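Notes for the one structure printed next.
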Amino acid sequence: MAIVEHLYPLTGAVLVGLGLYGFLTLRHPLRQLLAVNVVGAGIFLILGGLGRGADSTDPFPQALVITGIVVAVALTAFGAALILRVAEDERAPDGTAADDTNGNHP
Amino acid sequence: MNEFLPLLLVFLPFVPALISFALPERMAVWRDVINISFALAKLALVGFLLLSVEDGVTTEWRYEFLQGHDFILRTDAFALLFITLSAFLWLIATVYAIAYFGRGPHLARFFGFFNLCVLAATGVAMSGTTITFFLFYELLTLATWPLVVHKGDEKSLRAGRIYLIYTLAGSAAFLAGIVWLKSLVGTIEFTAPPDLSGIPRLELTLIFILCIGGLGVKAALIPFHGWLPEAMAAPAPVSALLHAVAVVKAGAFGIVRMIYDVYGIDTVSELGLGTPLAVLAGATILYGSFRAVMQTDIKKRLAYSTVSQVSYIILGASLIGPFAIIGALVHLVHQGIMKITLFMCAGALDNRMGIKSVADLDGAGRAMPVTMAAFSIGALGMIGVPPTAGFISKWHLGLGGLQSDAPWVIAVLAGSSLLNALYFLPLLYRAWLLPPSAKLASVRELDGAWNRMLILPAAITALATLAAGAFATFPFSPLSWAKLIAESGYLK
Amino acid sequence: MSPLDLLVAAPLAFMIAALLSGPWGRWWLLAAIPVMAGLTVWLLLLPEGSGHVVGGWTLPLGVQLRADGVAQLMVAATAVCAAIVGLYALHEFAPGADRSETAHGFAFWPLFYLLWGGANAGFLTTDLFNLYIALEMVSLAAVAMAAMGSLRAALRYFVIALVGSLAYLLGVALLFSNYATVDLTLLAEMARPDLATKTALAVMTAGLLIKAAVFPLHGWLPPAHAAAPAPASALLSAIVVKVGFVILLRLWFEAFPAIIAPAGLELLGWLGALAVLYGSVQAIRQDTLKALVAYSTVAQIGYLLLAFPLVATAAGTGGAWAGMTIHATAHMLAKAAMFLAAGLMLKAVNGHHLKDLHGLARAMPLTVAAFGLAAVSLMGLPPSAGFLAKFLLLEAAVEQGAVFAAAVLLVGGLLAAVYLFKPLAWAFAGSDTPVVVAKAPLRTAAPLALALLAVSLGFAGQAMVDITAGSPWAGPPATEAEDVQ
Amino acid sequence: MTITDYIIPTLLYTGVFFYAAGSLGLLRFRDAETRLHALTKADNVGLGFVALAAALHWGSVTAAVKIAAVWLFALMAAGVTAQLMARRAKTGAEQDTIE
Amino acid sequence: MTLAFDLILCLMIIGTAASALLMRNALAAIVFFIVFGNLLGLAWLAMDAVNVAMAEIAIGAGVTGVLLILARQRLMALGDDLVCDEMPGWLRAGALVACAGFAALVGAAVLSVAPSDDLGGPIAALMPSLGIENPVTGVLLAFRAYDTLLETFVLLGALVAVWSLAPGTAWPHPPATLALTEREGHGVAAAFGRLLLPLALVMAAYLVWTGSDLPGGAFQAGTVLAGGLIIAVIGGAVLWPRGDNRLLRVALVLGPAVFLTIGLAGIALGRFLFYPPGFEKALIVAIEYSLALSIGVTLALQLAGPPVTPDHKG
């Protein structure tokens, strides 16, 4: 039965939709980052789930997924740092926390 | 004959352009010397070519910049007519510009772009294909913009903006036209008109309208003339160059090429495109003259006069007949010489005495007799008084109108001459016959080398105006050359 | 031995070197330029279409690299841009006063090489998953560089770029599941017009359109490109957006030309037209210089898409194809030149607005000249490479009777003239010579060289056309004819 | 069927029982300390039973050693986190809560 | 595994994902995300993809979860409560419909493809020549070593990118400390950290070694190492190094550098990233060990965030 074979990739499709909805409706960048990670997980499930044979899973998509996960975490780390720096910058618009090359501390 | 000669001729001004850009202001003398010597060198080169072309030898240089698209420079008789004019007037205008600006600041840029302008104008003349023509035509637009905005004040910037919008829009239309035509008949060389018989009339008409519309912007055909009076904000040497040689002539030149070398007179008359264009040109002539009468600013009056006078060329070209085309070609040269005289004089009056408006002219003839004499010759030429050059043009155009069964042309010419008289004669009257103001009385016209250099070019072109009229039947006169062109190619 | 992998490996090696060298890291550029120049020349000398699978494995397992025309042209243009922008950046991204590292001065260089290597990787590979990684290399470096100017704009860029990457990845996942390969050349042989393929193509295209900042998905570009430091802006506008564009080309014209619906091509063409018009109008409305230049990028990318339907329907001549790729190249050079020139001018007057440029043509004639020459190419005026591209596209449009596309090409050029002559008019305004804060005579050479190249490449038109014609899909009927022989 | 086939499920169910008890405690108890108490103790016992079942299932000494190591790690981690969480709860640094 | 198990697992995955997205409380959302990641790991196990399961749990749930928690904590300290503005209902409904439609489209596309293990056979055929038995490692470090090479540079580049965000005065100081105060239980954590770091090292080494034949490998090992480092930092057993610490730089680039060097050395023998016959396993293991070290340090520093000015509390 198709649905049974496709259970995990279909779950992946649902995750993609859910994550996208979260991305569109959540207006905080960190929450959007989380939503994007959900989308990513969904894509990986599709990639891996459709590479599943009778008794084993194709190692090729597995490798792609691992690569994808690592790339995703690298971007998430950078994104989180960027979000933090934006928040810091907004809290201190006079440049105390930002690039204070002008050095005009009070 | 060396095949690189056309290339050399076109790109010769590039050398003084680069040198002018590079030399610091304190070496201005060197800049002047180099500019003048290159202008002389070019004139010599042109003279050499003139002799060979008269023998029927044309040289060309080709480079395939894209498959199926040749870049061709060719020295045919028509090209040489324009080149001779531009080389001669370049020398004149260079001398005049040096004297006009003296040792003002930021002239490196001016002379650099001035040279590029001449390069582009020469390229326009020598283009052997529509695409080549377009390349130089656009380069001309670009090179003149910095000249128009040279003063940098609000008025010049506005003029520059208007100039760009008009001319670039025109070029876009022209480009669309030539690409369209190319897609129908392939590359068009200006040696013989291509066979257009298989192409729908509507398409041909539309392409013609696109091309003439595009070229008409630079030629200041109504309703595309709006940029020209605005561009008067530029310094006098620029106005002289733009309105006598480079820009408007490039447009008029292009229209002649379109009619005679791209479409061919047979196709044009078969499509019935000549008469509407002639009517438009006639309307421009009258409109321009009429507007000129109403101007109080001398340069503006001259500008509208240009609008009117350039259309004589288009009128002659579109009438399609032996006399008409000769009139058109000869007027290309004559109008150049006369108009540059007028602009140089106007510039000199402004430069020396601050005269800008017609009302300031009272008694100027007594303060600056040589200048005003030159001005008067130019003005009489414009009106068409014999034996000036202008008379020759108008005579041939009138004959051409009769020959082409368009007697209304005579009316246009008469009306225009009347209006010409109406806007030039009051100037002459004021300058010669009214007493000068106290301010003017103190001016010594020819004191100092600078001042003599300022007056000399106008005097030379004024004499040329007389000579072109008086010696019109001599070999190498503009008229004989125009006849040569007409006989060698444009008359079947 | 082959330059294909070295062109990626060398920048990465320099990235490591720069990381290890601390405050001296920037000087590796002087070694990188000759190395990359040599490799690029080598690449250009390769017979077209030559390639290999990395590590000596075979398809469909391995990653295939290939030197086709568009890759050769893009890699070469990238090398020129990166080298010159890098030289310009030597001053801007330098150690602090006491020879100590600064965050930007240190971090720029590894990111610069990452971007360079990533762009080369993207241009040279035929593997869709490998392209994903290349895309991320470039995006990561690009966002970090944008963050050096404005954190806020960078965050916006980052979030949107992330969505674009994931959309692309989703397509890759579907394609792999469907065909058991991610190699373009194999996909081209197997392509079937089924639901999975179409869905994959749609989401990948959407993702790439985001990355290439195509209207209406361009929103992230102007703030990010306008705020970044000049060398970063130059790299972003010149190189980064082109990577997404090249992948789009490969998908639409190499892997799946057979299943692309004409409606899809038309849609892209319309988007391109809207981008040209919208970007130009927005550029006209800007009163800060870098925002103007950034919106110009939005408009210029529109031309690339405008060409899609023209390329697809071109009957063998490949004129539209050549026009499109030459436009990408010309835009690379001209836009990099323009951003660098803008950076110099703004730094010199210590301002951001167009009116701050008042009279600058007298104080910095060479820089203004560089800006003007770059503008000539962007406006598509002769004799620049930009003109050549526009001319070829116009010719294709007229031949195919695509009146609307032809009109957009012409009107777009006019609008470009309107917005580009605005800053130039300010530079020519007045009659006094303004006092500038900082003149950088040596660095002026960078934008000038790029701009001169953009203009003079117009003379090498046929050479570029020949290079780009060496792509497997440069003209579908012609390629088939060659196969028959 | 050998005897291990009966022992393994028995151990598993026992483990699950302890897990269930721990989770129940987490849900039902009032304050942080008692919740921690339920979680750490009951769950680790549960894990122990499951680990034992797994070790028997594989039936090799190396596997058993690895599983024992896993259990020890878990115990240690649970102890440390419980400590830290309890301190946190005590000192009243209460900004990080899930209401 | 039975269908019921798969079904329940999938429903739980979807449920936790929905909770992670829809919870108003950010911490709850992140916790649900971590649970979601772990359940995904289970799903990968159910699909016999143990390598992926380990990566997902360690990196997808673990590292990403810690990243999010840390980011949230620091944002809270800055007065950002991570509460999203409510969107108008009609917009949300529109988004819901659009996303549901999109999910349905993707679902339909997924259903139209029959799952199959197409490349398992060709890969298995090539594995003996590599001398290793874990086919996923084979793909990662042999057939698609080029991808993996680039990916390690993405990871390295991401750290440089994080560093580039440092405020002007902060570089090259260390990132904000994570160490607990005495009152928060510094002593306990320190003891645990000191114990765990060597254990993590051993474990990472084991994971790499076993990764050539059994599930495991550089990425999983690197994550374990990163975890050990983070816990050691929390306990104060290890201090964050300065950004310009030479040893640190060497540790960061070691993996990518070794990988690249071996790749370039391959040119001498034929092709970039070509492993000479007989040396495949040795080279792969060498790459993996160096990578694991670099990945561990890189991930740990990515978690730490950009450097801060010394007097600045993170």
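Chains: A, B, C, D and E, in written order; residue numbering restarts at 1 for each.
By our rule, a contact is a pair of C-beta atoms (placed from the backbone, for glycine too) under 8 Å apart; a residue touches a chain by one contact, two chains touch by 3 or more.
Nothing here was measured: the structure is a model prediction, and the numbers come from that model.
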| item | value |
| --- | --- |
| Any chain that touches chain C and chain A | E |
| Steps in the shortest chain-to-chain touch route ending at chain E and beginning at chain C | 1 |
| Chain labels contacting chain B and also chain C | none |
| Chain nearest the overall Cα centroid | C |
| Pair of chains joined by more contacts [C-beta pairs], D-E or A-E | A-E |
| Interchain centroid distance [CA atoms averaged], chain D/chain E, Å | 26 |
| Between chain A and chain D, centroid-to-centroid distance (C-alpha), Å | 31 |
| Chain C-chain D separation of Cα centroids, rounded to whole Å | 56 |
| Chain B and chain E: spacing of chain centres that average the CA atoms, whole Å | 73 |
| Residues of chain C engaged with two or more neighbouring chains | 61, 129, 133, 136, 140, 143-144, 147, 151, 170, 174, 177 |
| Residues of chain B touching at least two other chains | none |
| All touching chain pairs, where touch follows the definition stated at the start | A-C, A-E, B-C, C-E, D-E |
| Chain C residues within the chain B interface of the complex | 359, 361-362, 365, 376, 379, 381-383, 387-388, 391-392, 394-395, 398-399, 406, 410-411, 413-414, 417-418, 421, 425, 428-431, 433, 458-459, 461-462, 465 |
| Chain E - residues contacting chain A, complex | 3, 6-7, 10, 13-14, 17-18, 20-22, 26, 29-30, 33, 36-37, 40, 43-44, 46-49, 51-52, 55-56, 59-60, 63-64, 67-68, 70-72, 74-75, 78-80, 82-85, 87, 91-92, 95-96, 98-100, 102-104, 106-107, 109-111, 113-120, 123, 135-136, 138-140, 143-144, 147-148, 151, 154-155, 157-159, 161-162, 165, 167-169, 217, 219, 299, 302-303, 305-306, 312 |
| Complex interface listing, chain A residues touching chain E | 2-22, 24-28, 30-31, 33-35, 37-38, 41, 44-46, 48-60, 62-67, 69-78, 80-85, 87-88, 91, 97-101 |
| List of chain E residues in touch with chain D within their complex | 25, 27-28, 31, 73, 76, 180, 183-185, 188-189, 192, 195, 199 |
| Contact footprint of chain A on chain C as seen in their complex | 61, 129, 132-133, 136, 140, 143-144, 147, 151-152, 154-155, 158-159, 162-163, 165-166, 169-170, 172-174, 176-177, 182 |
